[in-house]
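One structure is given here, and the rest of the page talks about it.
Going in written order, the chains are labelled A, B, C and D, and every chain counts its residues from 1.
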Amino acid sequence: MAEILQTAQVSKTFGGLAAVSDVDISVNEGEIHCLIGPNGAGKSTLFKLVIGTYLPSGGSISFRGENVTQRRPYERVKRGMSIKMQTPSVFKELPVRQNIHIALQHHIGRAALAREEERLLTLLELAPDATKPAGALSHGQQQWLEIGMALALKPALMLLDEPTAGMSPEETFRTGELIKQLNADGMTMLIVEHDMAFVRQIAQRVTVMHFGKVFARGAIGEILADPRVAEIYLGKTHEH
Amino acid sequence: MKFRRSLLAFASALSVTALIGAAPASAASIKIGLLEDISGDLALLGKPKLNGSQLAVEEINKAGGIMGRQIELIHLDPQGDNARYQEFARRLVNKDKVDVLIGGITSASREAIRPIMNRTDTLYIYTNQYEGGVCDAGMISNGAVPEQQFSTMIPFMVEKFGKKVYVIAADYNFGQISAEWNRKIVKDLGGTVVGEEFIPLGVSQFAQTIQNIQKAKPDWILTINVGAAQDSFFEQAAAAKLNLPMGSSIKVMLGFEHKRFAPPALNKMHAVANWFEEIDTPEAEAFKKRWHAKFPNEMYINDMGYNAYTAVYQYKMLVEAAKSTKLADIRKVIATGKACVEAPEGQVCIDPKSQHTSHRMRLIAVDEKHAVKVLKDYGVIQPYWLSEIGCDLTKKNDKKQYTPTDLPKK
Amino acid sequence: MFKLLNGPQTLGNGRAFWICFFLVLIIALAYPFFADSYDVGNFAYFLIWVFMALGLCLMWGYGGMLSFGQTFFFGIAGYSYGVLAINLGGGGMTFVALGLAILLAALSALILGYFMIWGRVGGVFFGIVTLSATLVLAFFVGQTAGPEWRVGEARLNGYNGMKGMEPLNIPWFGGESIYFEGSSLYYLAIALILLVYLGLRVLLNSRFGNVIVAIREDPQRAELLGYDVRKYQLITFVIGSALAGLSGALYTSWGQFITPSSIGLPAAAMPIVWVAFSGRGDITATLIGTFLILVAFQTITVHSQQAALILMGAMLLATVMLAPQGFVIGVARSIGRLVKRRGQAPG
Amino acid sequence: MMGVINMAHGEFIMCGAYVTVGLVHGGLPLPLAQLCGVIAAGLVGVLVEMTIVRRFYKRPLDSLLATWGLSLVVTQGMLILVGSSLAGIGTPEGSFKVGEYSFSTYRLVLFGGAIAALAVIYFIFMRTRFGVHARATMQNPQMAQALGVKVGRVYAISFGIGAALAGFCGALYAPTMTLIPTMGATFIVESFVTVVVGGANVLLGTAPAGALLAIIRTSLNAWEGQIIGQIGMLIAVILIIRILPEGVSGFLTRRQR
């Protein structure tokens, strides 16, 4: 299987502190790849390095065979990445529909735009609230809207940073089903997540980070069976 | 309660002005348009100008008007804004259809008005003493000009105090052109300008300037600083015991600094003026009495206010001699060289070539108690410089302003 | 193209709005036939300033960039028009001067904007830097009184101001020239306003408009949707500033005169006052509000003598305290609410 | 400091100066009149905060408009009520010599006054109970409120102190300046610029920034004349914003950490 994203010995230090050091990960086309690890493991920093809001202190990042280490975020997006940030960042004062529109207009002509807009709003169950300002949506709905915006870019790779944070168990489950459905339609995804139940629901491959380094990697089954992983999670993953 | 009453007074004042504005002007009246700042930074100087015009109009109307026609004075307040000067000059000329436009304080406001007046055939009278040099057939200047002020005062100062002069001047056209005049005259007298400092408008702190002056050790200082902020120089210099003789073309008679500042800030200030309130001829005394009767709160009758007063009488004389308010007819009167009026300072006449005004000039000095003494009376001095350099409005309308370093092409 | 006249970024999208729009336009076009010629010229003068306000509304209300430097570009274009019109000679060349003057304003906006946007100057500092720029220009021009400060035939003439340029004019048949003054200037201004206003509506409701409001809301998110934020901000800044340049060049042509006080501090604050008063969120509001406030300020100044500044100050104070989104938007919203309530009443 | 851009700051300076001069004309000795000027400006400041400024926290641009409107009303109101100028009161006597230069003693008073004002401010904000409340409020109003600080009162008093300082400036300068209603405007550009360059913290930011700008300006004045001084100062502002986006105080506090 072809690798779509590859990081080679990527590091990032802030002051003297290494938030990410020598991380190699690779994401294969068509998979759902989860990035897990305790708080402060460097997952979100790695995401920012991948999308380009941080530039790495060392190492390189390649995407679809091209070295994008020094590219600015918008250039990476144009090459097919899209991201949902950790805290929802939608255009709060603009209507929901316009939020989607701004993401869609990027690559879709005026004629097809309205249809695509409707399709996404329906998919995200946001159609009844389409004229509300995005800031008026519930937290979970804002997360979905942001996923929708990321999706609207028709990316080759979606980066989702804690897509279920702050959601009820029911919403979390539905989010998982949505992600699986998108993946079934061919979308590649790299997801940071805390909720192990959710990870189990969706993940195919998992990379575990700890203290800024890759701690373990493998198929979801292997990782869950690894006692060292359970240890760093302080027993959090021991479900019955 | 008091607040409410003043609000009421304010509201009624508003409605009165609205009424006056709306009242149909009688067909026979002569309309004088007046542009003077009574708000903003220059209100201090604009208010006496407005008062002078009002006093003259009231007197003339009581005495039967101009050729039997009453004068209607239409005053607008441009608030010190050049764009407003332009708007209002157009308004007065095109909408109110005034017969003459009077006013403007700064040279910039005059220059804002001139291009608009040049496109009409309405006379414009500028009533300030200024840096001189405007050669424009549509404009009469009735204030003093450098050949009346600098060519008299600077030789006096050089002879009495010495040949080394330090200049502090406002950093815009008036200050720079005045400094040009000073350079030329001092050089002709064999003196030296030991320092020249141009100060941006609005600057009020002079510690560095005072040190510079002390370092340069001049015999006297030429102070052509402008505006309330820059006037702070005097108190700061007095506090630092600078105590040098000073000369100026705008202090005392124009800014009445000797009334506004506590003595001895203006000690040893010298100026040459066509008018200052301390003139004590019978005509001047009568004029002062009329003025203070009408405006009891006026701190000082300055030369601008006086010129604004005289301008209305000059206009009356011109119209009555021309039997017309048309610019062309009025200019025929000026061309005779006999366009004179008896003003409180004495007789003043309009020079046909430059359309500037002759004045009786006196040199005054301020002492440490801020009393004003006349040291010398130069008699009547003509505004000769423009015609010397080749401005002759009876032959050609240049519509330009010249300076000692920017003379007309021969 | 015409579809873009309506959209989420502009108030007034219904049929009623466009009917009103055409009514106002017809009245405006017919106005010179029944009005005093002075009033027509005076209205034309007010319209000259509106471009500067529209430009600021674009940058500030839509793009989130508060430029305190509209007068900087106003001054550059105003002085450029003067210098060019004097040196190129009059006649049809005055329009060349107008075009070049606006181009120069746009070019300087490009340079200043590049410096600021690529230097990540944002928020209040954007205002401070632009304010400093305009003050520096005002100080600089203010000290050019000497005869050595000349460009070709044109003397800058310091604080007293530059003059002697011809107003906009085109040679006409029979050796006569048409001078753009009074009603001809009025029609020119109306035509330009129409062009700029409709053009801005199209721009704002297009792809571009969506992106700049997105940037105002959250620049990082906008970048992560694949837009080069800096480029969009720079284009917005250049367009807004060029509109200030248009005002400047027209102003110089109108009075055949410009001074540094059109660039300095009280003048620099005026566009912000107009736009904030009108409601920075919408260009229609800015158009109407700016015109109204100019008319109101002049009328107040003419009729109330010394009380004028007090009334203006009180008006500003009352507006910000009672209608925080701006006077015109506030009024428009309450009319909208009223209409809605009427419409619902029978049902 | 409180998210308000105050265009009427110059009018507090005017208030302090006018009250001082008015009282001196009324027969009060200068220092006492100056004290009254400071108090009057402070009280007016509290009043303005409670009636107007209070509504504009977190809306800095609206506050700019509102205070500008206020400044117009006050300036012109003074012009109509008091007239276009007040007669000056003269600078207190006394001068001293340093080498060939002589200086007014009053300049020393000005200098001492500025230092004393800084010391008082430092004391109020760092050593009193009110100061603790005020600093807490500036950092996190909600939290301060929850802890029982009367946030509204803290804002009003802080604003009043700012106004009193401006009045102090006016009272000190009153004997050396011409008093006209628009005098506040001559200070506005400089104080605006100083605050911006200084950043949010009075002691760490504004004072050094003021000193820095004064040095730049005076040296340029001495070197090339006033106009270059003014332009140089503004260019310095642009550069400082470019280099130190948080202002001088941001730079200094970062250093401390």
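Everything that follows uses one rule, which is that a residue touches a chain if its C-beta (ideal position, glycine included) is under 8 Å from a C-beta of that chain, and two chains touch if they have at least 3 such contacts.
Being a predicted model, the structure only gives us computed values, none of them experimental.
*Asks:* What's the fewest number of moves from subunit A to subunit D, given that each move must go to a chain touching the current one?
*Replies:* Shortest path length, in steps: 2.
*Asks:* Starting from the Cα centroid of subunit B, hunt down the chain whose centroid lies farthest away.
*Replies:* Here the answer is chain A, farthest from subunit B.
*Asks:* Which chain has its C-alpha centre closest to the mean of all protein C-alpha atoms shown?
*Replies:* C
*Asks:* Hey, how far is the Cα centre of subunit A from the one of subunit C, in Å?
*Replies:* Those two chain centres are 44 Å apart.
*Asks:* As a quick test, compute the distance in whole Å between the mean CA positions of subunit A and subunit B.
*Replies:* Those two chain centres are 76 Å apart.
*Asks:* As a quick test, compute the distance in whole Å between the mean CA positions of subunit C and subunit D.
*Replies:* The separation of the two C-alpha centroids amounts to 34 Å.
*Asks:* Quick check: how many Å separate the C-alpha centres of subunit B and subunit D?
*Replies:* 36
*Asks:* Where in subunit A do residues touch at least two different other chains?
*Replies:* In subunit A, nothing touches at least two other chains.
*Asks:* Which positions in subunit C are in touch with at least two other chains?
*Replies:* Counting only residues that touch two or more other chains, subunit C contributes 139, 142-143, 306-309.
*Asks:* For subunit B, write out the residues touching at least two other chains, lowest number first.
*Replies:* 39-40, 171, 198, 200, in rising order.
*Asks:* Following the definition at the start, I'd like every touching pair of chains, please.
*Replies:* A-C, B-C, B-D, C-D
*Asks:* Any idea which subunit D residues touch subunit C in the complex?
*Replies:* 52, 55-56, 59-62, 64-66, 68-77, 79-80, 188-189, 193, 196, 227, 230-231, 234-235, 237-238, 241-242, 245
*Asks:* Touching residues of subunit C toward subunit A in the complex: what are they?
*Replies:* Result: residues 8, 207, 210-211, 213-214, 217-218, 220-229 of subunit C touch subunit A.
*Asks:* Using the touch definition from the top, list the residues of subunit B that touch subunit C in their complex.
*Replies:* Its residues touching subunit C are 10, 13-14, 17-18, 21, 38-40, 75-77, 79, 81-84, 86-88, 90-91, 94-95, 106-108, 111-112, 114-116, 171-173, 176-177, 198, 200-201, 401, 403, 405-406.
*Asks:* Which bits of subunit D are touching subunit B when the two form their complex?
*Replies:* 76, 79, 83-85, 87-92, 95, 100-107, 175-183, 185-186, 218, 221-222, 225-227, 230
*Asks:* For subunit B, which residues count as touching subunit D in their complex?
*Replies:* Those residues of subunit B that touch subunit D are 39-41, 43-44, 47, 171, 197-200, 202-204, 207-208, 211-212, 214-215, 228-229, 231-232, 235-236, 238-242, 259-263, 265, 297, 299.
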